[in-house]
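First comes the structure, then the notes that go with it.
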Amino acid sequence: MRPDDANVAGNVHGGTILKMIEEAGAIISTRHCNSQNGERCVAALARVERTDFLSPMCIGEVAHVSAEITYASKHSVEVQVHVTSENILTGTKKLTNKATLWYVPLSLKNVDKVLEVPPVVYSRQEQEEEGRKRYEAQKLERMETKWRNGDIVQPVLNPGKPNTVSYSQSSLIHLVGPSDCTLHGFVHGGVTMKLMDEVAGIVAARHCKTNIVTASVDAINFHDKIRKGCVITISGRMTFTSNKSMEIEVLVDADPVVDNSQKRYRAASAFFTYVSLSQEGKPLPVPQLVPETEDEKKRFEEGKGRYLQMKAKRQGQTEPQA
Amino acid sequence: MRPDDANVAGNVHGGTILKMIEEAGAIISTRHCNSQNGERCVAALARVERTDFLSPMCIGEVAHVSAEITYASKHSVEVQVHVTSENILTGTKKLTNKATLWYVPLSLKNVDKVLEVPPVVYSRQEQEEEGRKRYEAQKLERMETKWRNGDIVQPVLNPGKPNTVSYSQSSLIHLVGPSDCTLHGFVHGGVTMKLMDEVAGIVAARHCKTNIVTASVDAINFHDKIRKGCVITISGRMTFTSNKSMEIEVLVDADPVVDNSQKRYRAASAFFTYVSLSQEGKPLPVPQLVPETEDEKKRFEEGKGRYLQMKAKRQGQTEPQA
Amino acid sequence: MRPDDANVAGNVHGGTILKMIEEAGAIISTRHCNSQNGERCVAALARVERTDFLSPMCIGEVAHVSAEITYASKHSVEVQVHVTSENILTGTKKLTNKATLWYVPLSLKNVDKVLEVPPVVYSRQEQEEEGRKRYEAQKLERMETKWRNGDIVQPVLNPGKPNTVSYSQSSLIHLVGPSDCTLHGFVHGGVTMKLMDEVAGIVAARHCKTNIVTASVDAINFHDKIRKGCVITISGRMTFTSNKSMEIEVLVDADPVVDNSQKRYRAASAFFTYVSLSQEGKPLPVPQLVPETEDEKKRFEEGKGRYLQMKAKRQGQTEPQA
């Protein structure tokens, strides 16, 4: 991990880790999808499941990223990725991240055509059945999200008072360049996720004016791929705060500036959770968000719902086994 | 020049060239300002004079950047930089850019303190006098610009119809990272200029939906340095179009998110001129800008003034010398 | 040199310097090979001779890289490159590196076809003869290396105790992107060398848990070019330790993930020598490597051979002239 990968406090950006995870996922799934004779293809990221950042990664540490294919449906593969940080001076290793990604194989001759995935050999019989359940669950959720995230983030004319939504709302515009793209002319999922984390981080920093780090990312859905030559707008707005965390919604819209025939479309969306840290790295209380409009109040309640659900789930996991 | 430095048509971004020019200027002026014993200092960019992009630079070409100190006032140095492109396959060399930059030496102990510049040895006596005139002229213009550019670019709520100002207006937000900065904690002038060109390019591409390239940059004034940890907003809006060129105003505002005591301030401002190119690299007609508000009409007339003045100047230069 | 180019102690990575050296070599040799009319070509790196890092380069210093063509055989050119560091605050300049590189001109129409090199004009008659001897010597060594490095680095299943080979063995996997490649679809030699140095540095840091720097690089042979779209695996394992230095073998294997017809192949190999530094920059004793398997013991003895040979050569060079 290099200085460029981190914020001023030396913590590696969540977005940098997400980008590495996606690179590993893209390699292993492209390799698997080309393992049989037939039409050559490249794997495109369709979805990342909810993931927690379990411990921080710092400049100078070595990141280990390992990926495994855990399930294949007819047209998609599931990849599980583990990230550990290693301090090579002390030898300490820590698990920083576990993530699950879904990829779809696109034909190299025509990237709008989805190919079939070769079968996976499972070591235990139950694995296939468990994978199928995860596949069905995410399929359902993806469709819901597509509709839920249909609204547009309007730019803020007169940023409001501190702690309001409009005060910290931020947008970033990026002209897709050759190095953002695969060899086949669309943006790497990891590049998009890195930009999403960047905007979420700016929103969080504006809200609480301290050192902030990514704590978790809700499922990220890639509704449509982003082609070379697009301008993408990544917008972030705070939706909810608990005592020690902030939830930020990030929406990615793609605008094919050169190609007049295609309209602006929603390419991806996710919720990021950030925490605020003291100079010693301890979590700090977060200023409470003040929702003003009806929409902001509605989003605040929805965020609270996600927060309570996740809290309940986490407590369930740590309870003693009977 | 690598794929990363260029747009999809293979032309290197004007911003990449401006960044190299500034790097050369910063090296030579820091070296000169430390050439006598005394307090150590680092040169900070204060202003770039108007510069034309005389011929395009392409991926795969080698860029040669040479810099020379041409004048020193008590507290600033003037650097002239030449950029040539070399096609190492055919051997063709072309002058792509001539630029003049002004730097100010800041004390390493206290970057808010400006030090004195060691004298320059001139090869011809007139050089000093000519330099002094350029110094006085730019000093006057810097002060004027500071006031002229005081206004704020409001985000666009409902982007208007094609060819209006609001249709192509764009903003980019960037969180300043360690690799954007000098070792002394402020952003390299070249990094800021690259971002400015990026926004101007997005505005131009949105307006005419073709391949566009930087034709020239009006004087860029750096009103104040940008410190580490700031969020900078770079806003671009189209001000004027002639038959074959577009003028875009770019404003840079810095926002010290972490340090609460300091307010948002204007850090830099400039006008960029872009042209639209066909697939064969020929200049294309540009859709006429439709100014709507009073302010937009006023800026259009001002832009027209700059355009006609520059056109007259250029015709004057190509006339036979009596 | 920027923060990103250096380790946490502020010393620029050997790999960054190797990358600059290669960039200069590629420019001058491509220019030379296209200096006559005929088929256009691009120079591909075939070999880098053994090189020492004579003094460290630090963040904030300016690197000067100068290259000269010193010999041409029918199908290859030899380039000598000098690197000096300049502290622009104090004016101090130091020679940091002298390197010799061999390039081969590949046809732009068909990058598998090697073209002929235009003749070089030598300023002294002996130069051609001396060059021919160096050419023959490296040709012989290249062929030997190709076989010697045929073995595969198996990933470590159970990393052993400190100071064993398996404890510090490391691999890095990289998906080749557009910005790693020339316009003609293969990876820049400098990009590969930078990754090789990165892996060697991780192995060295794991072994001795201190600040480490590249002391020298044994000849690097590029057995085959790496094409766009490959995944490359760079593996490093410690082979030998003296009292104050460590030798690390680095092997580069390329894996064409998409193209099924081509197998994984060895693309490059080299030995890196690292030293361990105290906080004051003084060399520290290195923990002795404990070879366990027969292969490890054999490689240790071979490393010892190279070490003693180099030591003898160095002592020979510094002996008083008779």
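Should a chain be cited, it is by its letter among A, B and C, assigned in written order, with residues numbered from 1 in that chain.
Everything below uses one rule, namely that a residue touches a chain if its C-beta (ideal position, glycine included) is under 8 Å from a C-beta of that chain, and two chains touch if they have at least 3 such contacts.
Note that the coordinates shown come from a computational prediction; the quantities given were computed from them, not determined experimentally.
Annotation: the subunit A:subunit B pair of sequence copies touches via predominantly the same residues, more than half of the used numbers being shared. Rounded to the nearest 5, the angle that brings the Cα atoms of subunit B onto subunit C is 180°.
Distance from the subunit A centre to the subunit B centre is 35 Å, each centre being the mean of its Cα atoms.
Put simply, the C-alpha centre of subunit B and that of subunit C have 38 angstrom between them.
The multi-chain contact residues of subunit C, meaning those touching 2 or more other chains, are 3-4, 178-179.
On subunit B, the positions that touch subunit C within their shared complex are 2-4, 27, 30-31, 34-35, 40, 42, 59-60, 62, 86, 88-91, 108, 178-179, 183. Against subunit A, in their complex, subunit C makes its touches with residues 3-4, 7-8, 170, 173, 175, 177-179, 202, 205-206, 209-210, 228-229, 231, 257-260.
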